[in-house]
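Next come two complexes, and both contain chain A; in the first it sits with chain B, in the second with chain C.
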Partner chain A sequence: MKNEKNLAPRPGFVLDVDRTSPPVLFHHGDTFKLEKLPAGRSRVIYPPEPLEGLRDPDSAIRHALENPIGDSEPLSALLRPDMKLTIAFDDISLPLPPMRRPDIRQRIIEAVLDLAAEAGVDDVHLIAALAIHRRMTEDELRHAVGDRVYDAFAPSGRLYNHDAEDPEGMVVLGETPHGEDVQFSRRAAESDLVVYVNINLVSMDGGHKSTATGLSGYTGLRHHHNVHTMRNSTSFMDQENSELHASNWRMGKVIRDAGVKIFQIETTVNNNTFGRSGPLAVLQKREWEWSARDRASFVAMQKGLDVMPSSARRQIFNSWEAPYEMTSVQAGEVEAVHKITTENVYKQQIVEVEGQTDILTMGLPYISPYNVNSVMNPILVMCLGLGYFFNMYRGKPLVREGGVVIMSHPTPWEFHSVHHPSYIDFFEQVLADTTDPIEIERKYEKQFAEDEWYIHLYRNSYAYHGVHPFYMWYWGSHALEHLGRVIIVGGDSSAVQRLGFQSASTLPDALEMASDVVGPQPTITHMKNPPIFLADVK
Partner chain B sequence: MKALEFRRNIPRYAAARLAGSFTPGRGSGVGPIRLVDADLPELPNQDWEIVRPRLSGICGSDLATIDGKSARYFEPLVSFPFIPGHEVVGDLQDGTRVVLEPVLGCLSRNIDPPCKSCQDGQLGNCEYVTFGEISPGIQTGSCCDTGGGWSIAFAAHTSQLHPVGKDLSDEAAVMIEPTACGVHAALSTGIEPEGTVTVIGSGTLGLVTISALRSYFPDVKILATARYPHQKSLALDLGADVAIAPNEIKRAVRRMTKSRAISLSTEDGNVDRLTGGSDAVIDCVGSSESITDALSVTRPRGKIVLVGMPSSVNIELTPLWHREIQLVGAYTYGTEKLADGSVARTFDLAADLVDSAKLDRLLSAVYPLSRYQDALEHAASAGHRGAVKIAFDLRSEKERDLL
Partner chain C sequence: MNAITSSLGKARSFINKSGFPYRSAPTPYGVEPAPVKKNTGSDFNTDWARKYPARLTRAMLIEGFMRPAMKFLADPHISGVDRLSGIDGPVIFAANHHSHADTPLLLSTIPDPWRHHLVVGAAADYFFSTRVGGTISSLVMSAVPIERTKVGRRSAEMVRDLIDEGWSLIIFPEGGRSPDGWGQPFRGGAAYLAIRCGVPVVPIHIYGTGKILRKGKSLPRPSSTKITFGDPLMPDEGQNAKRFAEKLETAVAALADEASTDWWQARRRAYSKTSPDLTGPDAGGWRRIWALGKNDRRSQRKRWPDF
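Up next, the complex of A and B:
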């Protein structure tokens, strides 16, 4: 039987659509659509099937800690009783969706703490390295690190969220040759050892970015989270051609030269986002392989979702935990570790694609890195489509310069006021004025970054930092510069208009509107994502 | 002569209120206003003249009257039947073109000595509007003896008349009266030179107020609420720094004033109240909602200037008490004290502003008297029909030449 765990997973695949091809499943927020693509000029890129997970992840972790990569001693040799140890870990934005327990972070942190206990290390702090993301709630922290670790450290104030706006808690370690301030957590900077625990969901994650970004604040981030950097990261998923990567690497060197010793632990997961079986398994199957049962379960799911209010649908999807399996773990010196991690990410995600397309279509799902347990607001829709999906390439963008991206998403004019207060203002004030990233950066960034109320909410509530929506917009700036038009299918037309995009009620309408830009009979490529893949465009 | 007359008629008044509640301006069809053949008003004494209107504007208070929504407060201050119309540019018998300053104060009522307000030049605050040689009426257009601008001719006291320069078009001149209201409101804020002002509403009053604010306080930050795209664009063009939708006011004022926000629920990021707020708020709407908004975005010890004519409203006054906010009215005009200590008549200031800011562009459409129902409905729905000021055009009325 195909797709069973005991068979070798198949690589990614590019389907040329013909008249016999079945309709393709498009994610559409917290619902789905089946769309027929024009035969003879359309293709669909399918992600590789999930690789096998490690049979014994805990043993693999222990092995990695004791057999480091690059210029590093084993972790146990770096630990001593009188030392100051900081364990930093990725925040709620990874992985997507959140994974089933035990979370990889829990497995690794428990292993590190066991070694620390054996070495008699008392001064241990655990920090959620969230940079300027929102703080994690107790439930979210418990999910990430496990109850045992949470109960042992949080009550005594030794497990906490990074606070990039704490004037006493942050320090500038120096400046890169490019004049970039390297701002860092004081606790981490003053530690004898920083252990960083990563979940590398995509190739952008990890490396020096873990600490240079995750433990930094606006003073440091502004040097690479800007329009110039993003437009010169082609793409930011391709380290060789990413200015974002280069800037973080420069900062990593400053951190190292300042005497901060980092023991990097990176992990990769497979593509098992929706499960090999179960209620959502159909979402990661190829449509022509759907069984009668798959069809029935899809139809039932779609009908059920259609009659639910959006809040109920959101609740259902937010409760989904992916059965991800760890496919690799490596530890030691940052750059050496990251090189191998990246190869392992590619092993799961690369799909070779021949040439670019006139029109790129994408069905955007209910989740992005910044709306876990939250609302996918219009700015996040833009960021997910033009920031993340568009940039899932190596070599050349999937869509040609001047081409069109068509995104399918309801794009409601809706915001989570606790998580995204500055997003509401960004939408009401900034986008009402201009959608030009350069103009936005010049005219409004400072105002939002320094707004005391946003800073208060970031530090004391669960709000993303005031400047965060700007970074979302910058994330899509390479695409905005590259594309001739962006169309959203099935979105709230006022919200779509505010984003500066065009609104279409159906995919055929959108394709017709796109032909105004790219001409008649254009080529069309659909990204069947998620599960995630990275297109290697030749 | 042809005139639109408003009679006291309770059943028709009730019908107008009902009709107006469904469709603004619809009260004109069923209410107490009628196109009639009226007599030319008699001149009370030699200080009065006949004015033949050229253009006569329709204002929000006129519409409230026609739709039966104006406050009963005015009942003893007017006399029936009256002919509305107080935003007027017209001709005197000798051909002089004039604009009307419609307030019927002590001078026009031949009261000597005049009341304290009139002595002080605060004509709009005249205390004796029900006394003197003419019947009660706060303005031309609400007094049974004078007639009003929505007719072929009416009577005006010479003190009410301001000659219009040759260079000012009729379309510009008819904007002087509403602009004077805006000038008075702007100067009533007493704002510091680099303060913050929020203007609620970008209809005619809101727009002329924005223009006045920008003219007299070049460095203040002005935020305006505007419901429709053309209002937004005019507000920005006339000097607002920011123009936003009415439901965005709290967030926008918070941003402008760098306040923090207070949420009424556990939803931390909601903006229900501000810790600080705008130094002054000019409410050009006058509804329960707009006054409540004004109270929520005015800083402690700030000032709310109410320009839009309110009727009965339901508002929570606790913030007014707790934050020691001043709520003041701004009705019409008189004389103004400027920043340099000089004193000027509001109408003179308004005439200059209409000219320099080209406020004639706010006149969107004109109608003959015979199409008064269309005119009033257009005026009542000006915003969503992309218009600002609607006026009656009497220049081509044949009767006019017979007088």
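Up next, the complex of A and C:
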């Protein structure tokens, strides 16, 4: 009934920049910039418009539970009174930004628990499958699973965060043919049924990775969260060419062979990140389609943000909840489910792009998977740009080998001391020594991973695991190997220097600096992201 | 005053000199312009007209102005209201259509609990062709835009949503006012909506409004009217919209017969399938007008002297 939803969503497209093209919006942390790209040799990739969400998500969920995909019985047939049931769900890193209530996880978990109640199941545990991410707070858990579920299970200790460092709570189920240890939550391993509730924001999410990574710990993760795997995942968003994917699938097979029965529920969302209307809607519109109101709200927002202290800006953006809508839900056997989920992700996100570019530009936003309700520190800037954005391709990287990536972000030398304690030491000690991922992995990883203090903070406070900043660095190792230079525009120059990158004050300066590497008159491609898209590079 | 003018002039000058985002950006060469959201026709958003302030305004207009005006102009004789007693929940009221007076007459005669929870299906291309017209139609008549050339998915979904929310719908299945006093064949829209929404359809026959304000006239003149409510109809299992539309048309024809004769005669003719046709004889020009006079048994007047 809303008029703005009446028009069919348009696919993403590539704009060839000419002299009449307007300046392009760049995200710049918690502010924005309008940048004019050189005419005749630049192009801008615009994401597809949000697909329509499911009209009745609750009915769709019930239908999916009773009509499973692949070799699986309906959920109701798998439930019996004397069973051990574990419901695991994605943590705070999905979706980004957090979505408006009711969260998809709440809808699904309530539907699953309804069936469990009908079947008379008593022994039910709910686990936030966060691997070595920080623990979720009560507010965050309530947001994800809803108050009804939280109040019913958390007080009695049956709703909790996964603890990958609990010696009693973890078990090694076996080894893959490649010699990879498969470490798993003991509660999940000893359950008669594990129901996994997933939100698939990008094509890397879901499948066996949900459990093989989400319910694992350092012993298991080190086999695929490493430089070798990342450099052989081209990209890790492309399942056909991802070593990360292959490793998780091998581990998934070990989990299955160990007798763990998993009923996988996967969902996809559209890319309605900033809303079709509202204060941030302008951020997902194409510049030449900005109405007078959009332009006025953008100018007001930009001017307002410019005069605010960064803590106030962060608070404003951290309070934004995306009006994502569920576009599909499928349940049943892990691999069969994930195949359809991936197709649905592609339906929303794929943009076809012809050929590579010399320089890839990107405006990095205020959020990454690891700084929800937190600070975007320099390591996360690197991970978001070179880990996530760079890898948002299928086929070939958007930028040619030896090319340049220019990222726009303030990159402050700032850390959240509760969430990211090991990041601080990684930045101060490790990066001061070397930025080479192989060297870092060889020399420092084990020391940080096994540090008692970091383990204590991970288990008892709200800290990411000691080894987590290493993984962030490895996430960008494919890009570091591929690129000739990385330049950050508008960043804190000392922080940028510590990362091993070059700092530029303005985009024209950065383009000038890049020409040392790629030659004069280089081709430029800008990723207008978020909302998220996946470039299918021919 | 001079200071304000000067400030405005400076602001205008600043905007004129500035580029994007102070001024709009042109659509880049080779890019298809975004489809324009018209907010007219079937795109007109009427959500606001069902919010409480608009409903209160409309209730005041209906009770304070429309009802007395219709009492004066149309002097309505209402029958068959008892046939609605078994209905619980929203319905579709489907009536024949002769005049712009039909809608206010129905809005002021349909009984509670439906009267103030009604929306009127109005031609999107006529009532909603401009924003002003659409706003007035939505506010005064609680009109919602319906594509009359077809029942588009959007119209159908909108109506289904409204009915799900508990609103009843008035619709004129003929798709427009009678051009010559005879009825027109019923289109499938009302029937389609009833099947899709799973709600009963109440057939209504309106007699006499053509004399108040027939098509082509702009000034009303008083005349008596009769409104007859029929038994609610539900589509049969598996019945398609075309067949159900025919059933509706037959029901309204039987009500027309009842209004011009009496219930018993009308029922007998209905069962023997000999109810007078609403659409008149298949003839052109004066013969249809002549037949209309002969058919109008309520105002049977001698058109030719007896010698």
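In this text, the second predicted complex is superposed on the first by the 535 of 538 C-alpha atoms of A that agree within 3 Å, B and C clash if a C-alpha of one lies under 4 Å from a C-alpha of the other, contacts with A are read in each partner's own complex, and residues count from 1 in each chain.
The rule is short, and it goes like this: contacts are C-beta pairs under 8 Å (C-beta built on N, C-alpha and C of every residue); 3 or more make two chains touch, one makes a residue touch a chain.
This one's a predicted model, so the numbers in the text were calculated from it and none came from an experiment.
Contact with neither chain B nor chain C is seen for A:Glu168 once the two complexes are overlaid on the shared chain. Judged by the number of chain A residues each one touches, C leads among chain B and chain C.
Using the contact criterion defined above for the overlaid structures, shared-chain residue A:Pro23 touches chain C, although it does not reach chain B. In the superposition on chain A, no contact is made by A:Asp56 with either chain B or chain C. In the superposition on chain A, A:Gln447 contacts chain B only, with no contact to chain C.
Chain B meets chain A in the complex at residues 242, 244-245, 248, 251-252, 254-255, 258-261, 263, 267-270.
Residue ranges of chain C in contact with chain A, taken from their complex: 19-31, 34-35, 37, 39, 43, 45, 47, 154, 157-158, 161. By the touch rule above, chain A contacts chain C in their complex via residues 1-4, 6-7, 10, 13, 15-18, 20-23, 34, 286-292, 295, 298-299.
Here chain A touches chain B in the complex through residues 416-421, 424-425, 428-429, 432, 447, 451-453, 456-457, 461-463, going by the rule given at the top.
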